[in-house]
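After this come two complexes, each holding chain A, first together with chain B and then together with chain C.
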Partner chain A sequence: MNQELKKKINSSFPSAKISLPNESRVVIEVNRDAIISVLSFLKNMGYEHLSMVSCVDWIKEDEFELIYFLNAYMENDEEYGEIEKSTILLKTMISRKEAKYITAIGIFASAEPYEREIHELFGIYFEGHPRLTHLLLERDYEIPPFRKDFDTRKYVKEFYEEIPFVEDREEGKE
Partner chain B sequence: MRELELYFGPQHLGMVGNFSITLNVEGDRIIKAASNPGYLHRGFEKLMEYRTWIQNFTLVCRINVIEPDSMELMYSMAVEDLAGIEVPERAEYIRSIYLELARIGSHLFGLWAYANMLGFDTVANWAMYHRDLILDLFEEITGARVYHMYIWPGGVRRDFPKGLKGRIVKTLHKIGSGVPDYDDTFFNSRLFYDRAKNVGTVTRKQALEMGAVGQVLRATGMKYDIRKIEPYAAYDKVDWAIPTREDGDAYSRIWVVRDEMIESVHMIFKLLDDMPDGSVYNRIPNPFKWKVPAGETYVRCESSRGELGLYMASNGGDKPYRVHFNTPSYSHGLTILEEVLKGESIADVGNIMMSLYIVAPEIDR
Partner chain C sequence: MDRNQLTKWIKSPGNMGHKYSLDVVYFCTGCGIIEIPPSITARWDAERFGVKPVATPRQANLFLITGYVSVKTLKAVIRTYEQMQEPKFAVGFGSCPINGGMYWDSYNTVNHLDKYIPIDGWIAGCMPRPEAIFIAVTHLWTLIDKEIADGYKRYRDKYKYYRANQEKVLGELEWPPLFPEDDKK
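Presenting the complex of A and B:
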């Protein structure tokens, strides 16, 4: 099943690197320009459930990795086929210096909140997204907090140590 | 009529959980809804990058307060996959039994919230009492009532205590004996039908477009369940069925939940009978010096709310490099809720939200 998929993708997108880590996972690495066309290709192949969009900050390589997780819904309501078993991890690398990408909402409506989250936590701008407003955070950080150069412990120390402890005030230390 | 903006939650009486929705209303009708999460954001995924592989167990279970167990399972499965650890057969059975108990407990909690929302206080109190009986079992198995930290890479922390099988059966019979009462007072009641039928309908087309999973999808007739599609633990060892409904409305979703609880009880009886003897735990390396090989993995399971996934990347260190949970409430609460609320009345917001089974901490993480 996955071998066939590999052949099909290879014939349409010769530059894609495909690996099969186990029988139910397919990892496809493509160039940053190809994601949208590969996504719509896979959707036509039956992988119509975008279950997650994730991002990893590879700071040493100076790159962000965007990962689209695709699954297939059942073809009929009763029987299980082979296609639902596999999860596709579609990956691409984008430069940290130019953290910009194109939205996938046109193909998968469920990408909307995931792209908002990545925009907020990693600072990647998705062109064409209709609503890149704040989702989870209430403060505006200089460095988006999920990037690896944002040090949570340092931030907590700086942020909270300015507020005096109750015990200190009672003892007249201030 | 004049259009007004209404802030629904997090302090609103009709809101369960730390979540808010901004509604644009015209009279009683909702024109536009915008979910507004973030009241519980604690940055767990970032914190996990600062803690060792084992320390993270106390964090993962706090992602879903109501059913922490499938989160533990996800994390364990991902670490096992990366480090190449095998799980003994008895531990697989114990995991399945434990997860099904958690599913019943979680559904009873969901039923409490939903019945409470509609004003069925008696049913809500029964559900809470029956959930408490399950928490008693958890206390005996793991030592804790809500956050158990019981599933561990390589198996489970300890074997079932002596005589537990009899006590599980007794408790489940006690809960099961309440089913006729539940049915008479709630599920077959005309009031429930009138409040929930054709309310908050998610059609099949909408469900597929917006990434629905779990009961929301099963209430439209599709038997989509990861326990069958990609079996983990001991779910492929026994025979069980997936309950579905056709209409996709709040009424169908709650009926799916009810049928699932009964199916889970039967599954636990079968698993208890088939359970093999043996060890429950394969030793892992010293947790203080444990370095998991570099790599990445994606695992998924069926939590009580739907498909739950976890992406984990390791760079060969003693801490995870990246952890990202794919939670069912995310698409249900952010994409589907906004769409489904359009055209409904203000009085049904809580009704629809609880029937979609949204837990705010799963969205915020």
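Presenting the complex of A and C:
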């Protein structure tokens, strides 16, 4: 089953670390340069649906982890082999100091909103992305709010609590 | 008609009219909206109190904000409030609009809604029961009787302070001031 898939990927990408945590899940860890070629390789294998791009901030290791979730979508139920039933998690680590990466839009157009969201909340810049504008937030934050070193309580105290009540403003207490 | 209220009707028929026909625009920002369907339908039947939901803010005179207000939502809340016709009353439902509730330390939730729009009353609780809405409505009747439900007047008088607060959170606003400074003179 998944062992076949493991062999296939390993033959093309010998450096990829592949683990099988359970029956329906394949975790592939590659280094940062290989992601685009692995993504197109998997797409040609039939994993045509990028269902999510996720990001984890490992502050102690000083790295961001990007995770691409891939599924296979077949036209008919009969086309699903044993291999295609599993979800592929493609993981890579990128440096936290130089938070830059290449966009996957060229291969999967559905990566666009996810990369926009990661850019907004983690501050990772995706090269080649056509519009890295605000998606959920309304303004810029000094530190992107989903990074581990963003102190929400301090931010709330310094920003929202500092806004005076209208009654106070009138009395000149500003 | 209740005979005891006859003097009130003669004294200020306008107020009595507003009081018994509150058309509500429910702003479903958070979990509070789950209490609204039972309270406007057969189980609790808000229409006993003259409270009924309407389609657009232009037809409404009571604004019920049910749930936490994020920065993006605040923009919509302000625009909705400004579209309503006077006299208009705003009521915050649940603890989140009051002071942030359980989301008080979020990076994107405004903590005190009354810094940005005037609120006439609060319904505290997480979640308040539908009965609380009716208690709030009857309290609002008293406030309207005594003419202290004057949020819309405060908004007009202190508009520049409200606008300043709104701009502090949202940055440059896309719409022109509701009450330009020149009009007041």
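What we mean here is this: the second predicted complex is superposed on the first by the 154 of 174 C-alpha atoms of A that agree within 3 Å, B and C clash if a C-alpha of one lies under 4 Å from a C-alpha of the other, contacts with A are read in each partner's own complex, and residues count from 1 in each chain.
Note that a contact is a pair of C-beta atoms (placed from the backbone, for glycine too) under 8 Å apart; a residue touches a chain by one contact, two chains touch by 3 or more.
Predicted, not measured: the structure shown is a model, and the values here were computed from it.
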* Asked: Touching A:Tyr73 in the superposition: chain B (first), chain C (second), both, neither?
  -> first
* Asked: First (chain B), second (chain C), both or neither: which does A:Leu137 touch?
  -> both
* To do: Using the touch definition from the top, say if A:Leu89 reaches chain B (first), chain C (second), both or neither.
  => first
* Of the partners chain B and chain C, which touch A:Glu170 in the superposed model: first, second, both, neither? -> second
* Asked: Looking at the overlay, does A:Glu48 come into contact with chain B only (first), chain C only (second), both, or neither?
  -> first
* More residues of chain A are touched by which chain, chain B or chain C? -> B
* Which of chain B and chain C A:Glu161 touches, first, second, both or neither -> second
* Shared chain A contacts, counted only where both chain B and chain C touch the same residue -> 136-138, 145, 152-153
* Asked: Where on chain A does chain C make contact in their complex?
  -> 136-139, 141, 145, 150, 152-153, 155-156, 160-161, 163-166, 169-170
* **Residue ranges of chain A touching chain B (in the complex, touch as defined)** => 21, 24-25, 48-52, 54, 56-57, 67, 69, 71, 73-74, 77-78, 80, 84-85, 87, 89, 108-110, 112-114, 134-138, 145-146, 152-153
* Structure fact -> chain A partner, complex, touching residues on chain B are 37-38, 41, 43, 45-47, 50, 208-211, 213, 217, 221-224, 228-230, 244, 297-298, 300, 307, 309, 311, 313, 321-322, 324, 326, 330-331, 334-335, 364
* Structure fact -> So, in the complex, the side of chain C touching chain A is made of residues 71-72, 75, 100, 104-108, 110-112, 114-115, 118, 154, 158, 161-162, 164-165, 168-171
